[in-house]
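Letters A, B, C and D mark the chains in the order given here, with residues in each chain numbered from 1 onward.
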Amino acid sequence: MSNEHGESANMVKLILKTTLWLSIITIVEIIAAVLLTDLFERNNMLIVLNSFYIIMSLAKAFFIVSVFMHLKFEVKFLAITILIPMTFLLFAVVALLAEGNSWLQMRNY
Amino acid sequence: MTTSVLVILAIVMFALVIFQLAKTTEFVAILRGEDKTRLESDRINSRLMVVFLVAGMAALFWSVAYFKKHMILESASVHGEWIDSMFNVTLLFTGVAFVLTQIALFYFAWRYKHTKDRKALYYPENNKLEMWWTIIPAMVLTTLVVIGLYRWFQITGPEPKDSNVVEITGKQFSWMLRYPGKDGKLGENRFEYITEGNGVGIDFNDPRSRDDFMPSEMHLVVNRPVLLRIKARDVIHDVGIPHFRVKMDAVPGITTRFWFIPTITTEEMRKKTGNPDFTYEIACDQLCGTGHFGMKGTIVVESQEEYDKWTSTQKSFYESGIQGTAEEKKFAEISMQLKNAEAAKANTTHE
Amino acid sequence: MTEATTLTTTAIGPSRWNGGRSPFKVSWGKLMMWYFLVGDSFSFASFLITYGALRFSYESWPAPTKVFSSFPLLEGVKLPLMFVSFMTFTLIMSSVTMVLAVHYGNHEMNRKKVVKWLSLTILGGIIFLASQAWEWTHLIVDEHMTLSQNPFGAPAFGWLFFTITGFHGFHVLTGVIINCIVTTKVARGDYDRKGSYEMVEKIGLYWHFVDLVWVFVFMAFYLL
Amino acid sequence: MSDPVINPPLNPVYTGDTTHRQDSTGEIHDHGHHEHHKDNFITKYIFSQDHKMIAKQFLITGMFWALVGGMLSVIFRVQLGFPNQAFPILETIFGKWAPGGIISPDFYYMLITMHGTILVFFVLTAGLSGTFANLLIPLQIGARDMASPFLNMLSYWFFFMASVVMLASFFLPQGASDVGWTAYPPLSAVHEASPGSGAGMDFWLIGMALFIFSSLLGGLNYITTVLNLRTKGMSMSKMPLTIWALLITAVLGLLSFPVLLGAAILLIFDRTIGTSFYLDNIFINGHALPNDGGNAILYQHLFWFLGHPEVYIVILPAFGLVSEVLATNARKPIFGYRAMILSLLAIAIIAFVVWAHHMFVTGLNPFVASVFVFLTLLVAVPSAIKVFNWIATVWQGNIKFAPAMLFAIGFVSMFISGGLTGIFLGNSALDIELHDTYFVVAHFHIVMGISAFFGMFAGVYHWFPKMYGRLMNNTLGYIHFWVTMVGAYMIFWPMHYMGLAGVPRRYYSFDAFQSFNMFGGLNEFITMAAMLVFFAQLLFLINFFYSIFYGRKLTNENPWQSNTLEWTTPIKTGHGNWPGDLPTVYRWPYDYSKNGDEYIPQTTPLREGETGGH
């Protein structure tokens, strides 16, 4: 940890830059949701838009975790121990979405 | 009451006696010298290891032979044979592994008991050995997975085109069956139509449903594929038919399915087993409440002619149970309500 | 990396703790907070996965732009997603103020600045909670979207929305409470006396996590 | 949570490592917490923050629950072994639950449900990893205490509260939960579905929620302690396998219990506020429920996402304890230390991607199922490696048959028997035949019930001297082992035969079915064996409690001549563990019979030409 003034100022700059990015992404997402949903839906391209949201959300998550939560500046192995468990979730998401889809096929009455 | 007290007293006394004996051995041990006692108990225990191994293996083989007639259930369906052969293959591999590892474990335990004049071998690692005993199980398991999945996809795959369809619905604590009737098609059913009289919610507005019949016993044609459409209306149940190797949960809200081909008629089975009362039984295999253990259904497997004769005697559920009764009025009312509700919904969404 | 050996040489008193070294160069408190968040992310994930699975089991799903189209005090005007954008920005901004509080705590041990930024964070949290309260009330009272019915379509949307945003709101609420406690402690000078503002950093992690979860809750209910 | 840092300059790396302030006092007597003035009875025995005392609390609460859980099984085995036979004493004790001396079905289902819940969670999770993680982690890694002794204490008290709630549920008018320990909705969600689905289920859910908090608090503590508080020289590659196993167990718990909490919260909502996460189209007791649009299988996914790792949470600590006991008593290094760690890690990772193998016949999508078949059978590989390595550890050893060693060997035997049947069940096509039959009961009781118990017994016999400074009676230990070993096989082995015949589990009686009712004699035999084994456990309890007070006093701080750090502490270990400096570690913990020395403790500096590892 350094108390050097320059480093501190740099950090503040990085924080503000990250804030800017987060805001831009959010604005873009909302604009897309409000203006483009109908267009994409009509052309059966909603999946493109949805993938866009997911990628953008992951980008936002990356910014929050790496800069705000400071993980970028921690020992790399710490980051690894935190991120590896998240891959289990990835598998669970895929499996459960597949399941949800099959429930749709099986719904009765 | 008094006998129970006596039994408990006897047990307590017995425990105390054992305990006293154990304490005594401890004192004796101190008197005799601990090392000596330890060597002796080591010897006893190491011998018991071998005794356990031999006696255990003997008991295992004896009991398998003894229970063979009970535990090997004649498979009465096509895929049952597949499952049985898979079972045998798996048993072969696991059996070999079981016998070898148990023998090694107990033999080593006996062979390498503590002696003063011998030192244990400092042998922390052998990569080659470890590699082999990773690769061999992996290969065996791959084989089993391949066989297993091949069969799994066959069993769970689409049913043959000429399958009969039977709908089976679980409720606490019985099974309700529905056959498609003469037209060969099951009518629609809908949850909202369920009443005590119309147990599976048949939609009588659907013309296909008018000839559906609901027998109390399941009849199947031998060597003819049958598709079970499995439903539940209150909690989860499970259609388990051990002789056909059939098992599938009945889940409220969704329809599950299982198809199979019965290969042995009830008559033949009676001869084979020498049991004149033999019946195929449906059991509930998923805990569904306090009556779970009595949730039985019965199945008759018969020839096509017998089956046709049976179907011809069955009365349609609509005609025998609904038509002209209070149930029909109730059904009409619900129909009306549903229609109105749907219309109202359509209106609001249009807004 | 200061090895513990230097400590043992000073022999007496505090140096009795002569352990090895932390592989991650962090205190146990921070490590514990991190792993707590990993665990908590699994509980959120269980809810969001539930959402995904149930949503995939429906033919149709209400369009978020239709459901969330009101703004307080502007009745009758359709402003799709505008209010939630406001909420999202509140949360992002409160995250920024929090990270600044952490920063000034760690780097400058500047009590005044830390208190200022923490207070703003709390304010952001409260605004967010108030907004959520308005949104819920509006949906329940005006739109009649409740746990058992949903005029916009699939009933599951309603109860999933209330459960998941409720669980998130609960996290925000606890975050606000903890922030209040820590702010008082900062103002009292507890951490100056202690010589470390790490507590601010730890609650900061928690607060950012709440923001992080919102990213996905937002995506699930308002975008997809 | 965070306490003031004392003298930060002296502790530059560990700002925040303040619970070790007891070490910073300079005066290191028996109790370290100088701030806690004197230990009175309450701070020493009840609200103790000493990890060793908390371990004992976990152990004794766990033993209480094991006794209760075991008793429940004996009672319901009476019904299975002697169906419809009246035992008036049952009515005397249980009143309306056993009218005419015959257990009622309601009571039977309540018993099996609570038996499962208690043994899986309260005994084999809290009692096993709670005890040994608390006892061994600080002692074996060379730490004064847990990272946060306060949270550690809280962890026990949450467990205690969970216990109270669970115990209280037995006395509800409608009885405790009776829907199976897995609590599948709708049975568990709909109040009228079953007598125990009402208040009993509420208590069950509250109890489980408290239990989850306890596990999470404990687990967080174990993980941070192992990662952050190791003594000098105790690198990850020098940790005893017990610590590895306990660390991985804690990670599994940390990741999977929150999901159970999620599942439980949704279930609570379904029960109380009218959501329908798990409910759809339910018509019960003559009326339809308003709930609409959920799915019952969803709960099973969430439950087993915890449930499967939970199986490993139960068995991994036993792996660790057994590895340690085997190496110590065979006077031989554990074979393939690195392979043991890697297989632990592999099992832990696979644990998270196999949960749906509990659901092959629940209407799971067949394709999804096939992925799970593949992943499930993968588990067998690391498990096989472990078994072979244990056997190789015994090979060419110089085995001392302490009771702990007997249980360790018994564990390996049980684990083989139960593990191999898992290969049948993991293969979905075969699972069609075996699912929910006694084959499954046999499988999981042997592989995670008895095996984990054997690991626990091995641990208790081995570390009892560390806990109480006295020795347990060996003869009683031998009797305990042999009766349990033989008896456990007698109980569970024949269940395979019943399972093959398709006999379903959770049946109160088999009278209704001619397919299942031919095992009467066998059931009677199993019941007798179960009683025998239960009484053998009483012997263990007598031995345990007697030895606490009257056992032979330890004369040597290292009775088993073991290498690990806990045996370098004094016989009466105070709070803070080591009276002087913490020990420094130079070598791995398995230097047995190396270069002519019978054992070389980890604290022995390396000799000329030696490397620290193996």
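The definition used in the following text is that a residue touches a chain if its C-beta (ideal position, glycine included) is under 8 Å from a C-beta of that chain, and two chains touch if they have at least 3 such contacts.
Small disclaimer: the values here were computed from a predicted structure and weren't measured.
Trainee: Farthest chain from chain D, comparing Cα centres?
Mentor: It is A.
Trainee: Please find the two chains that have the most C-beta pairs touching each other.
Mentor: B-D
Trainee: Distance between chain A and chain C based on Cα centroids, please, to the nearest Å.
Mentor: 15
Trainee: Calculate how many whole Å lie between the centre of chain A and the centre of chain D, each centre taken as the average of the chain's C-alpha atoms.
Mentor: Chain centres of chain A and chain D, defined by C-alpha means, are spaced 37 Å apart.
Trainee: How big is the gap, in whole Å, between where the Cα atoms of chain C centre and where those of chain D centre?
Mentor: Taking the average C-alpha coordinate of chain C and of chain D, the gap between them is 34 Å.
Trainee: Between chain A and chain B, what's the gap in Å when you average each chain's C-alpha atoms?
Mentor: Whole-Å distance between the two chain centres: 44.
Trainee: Please set out, as single numbers or ranges, the residues of chain B touching at least two other chains.
Mentor: Counting only residues that touch two or more other chains, chain B contributes 191-192, 201, 253-254, 256.
Trainee: For chain D, give me the residues that contact two or more of the other chains.
Mentor: 255, 280-281, 294-295, 297, 301, 305, 363
Trainee: On chain C, where are the residues touching two or more other chains?
Mentor: Residues 23-26, 31, 35, 38, 42, 45, 49-50, 53-54, 57-58 of chain C touch two or more partner chains.
Trainee: Per the contact definition, I'd like the list of chain D residues that touch chain A in the complex.
Mentor: Going by the criterion above, the answer is residues 251, 255, 280-281, 295, 297, 301, 305, 352-353, 356, 363-365, 367-368, 371.
Trainee: In the complex, go through chain A and note every residue touching chain C.
Mentor: 1-3, 7-8, 11-12, 15-16, 19, 22-23, 26-27, 29-30, 33-34, 37, 50, 53-54, 57, 60-61, 64-65, 67-70, 74-75, 77-78, 82, 85-86, 89, 92-93, 96-97, 99-101, 103-104, 107
Trainee: In their shared complex, at which residues does chain D touch chain C?
Mentor: It comes out as residues 1-2, 4-8, 10-17, 20, 23-26, 28, 142-144, 147-148, 216, 219-221, 223-225, 227-236, 254-259, 261-263, 265-266, 269, 273-277, 290-295, 298, 301-302, 305, 580-582, 584.
Trainee: Taking the touch rule as given, give the residues of chain B at its contact with chain D in the complex, in rising order.
Mentor: Counting only chain B, the residues touching chain D are 1, 4, 11, 15, 18-19, 21-23, 25-26, 29, 38, 41-42, 44-46, 48-49, 52, 56, 60, 63-64, 67, 70-73, 80, 82-83, 86-87, 90-91, 93-94, 97-98, 101-102, 104-106, 108-109, 112-115, 118-126, 129-130, 133-134, 137-138, 141, 144-145, 148-149, 151-153, 155-157, 171-172, 191-192, 194, 196, 201, 233-236, 238, 240, 242-243, 245-249, 251-254, 256, 275, 277-279, 281, 283-294, 296.
Trainee: Mind listing the chain A positions that touch chain B in their complex?
Mentor: Per the stated touch rule, the residues are 103, 106-109.
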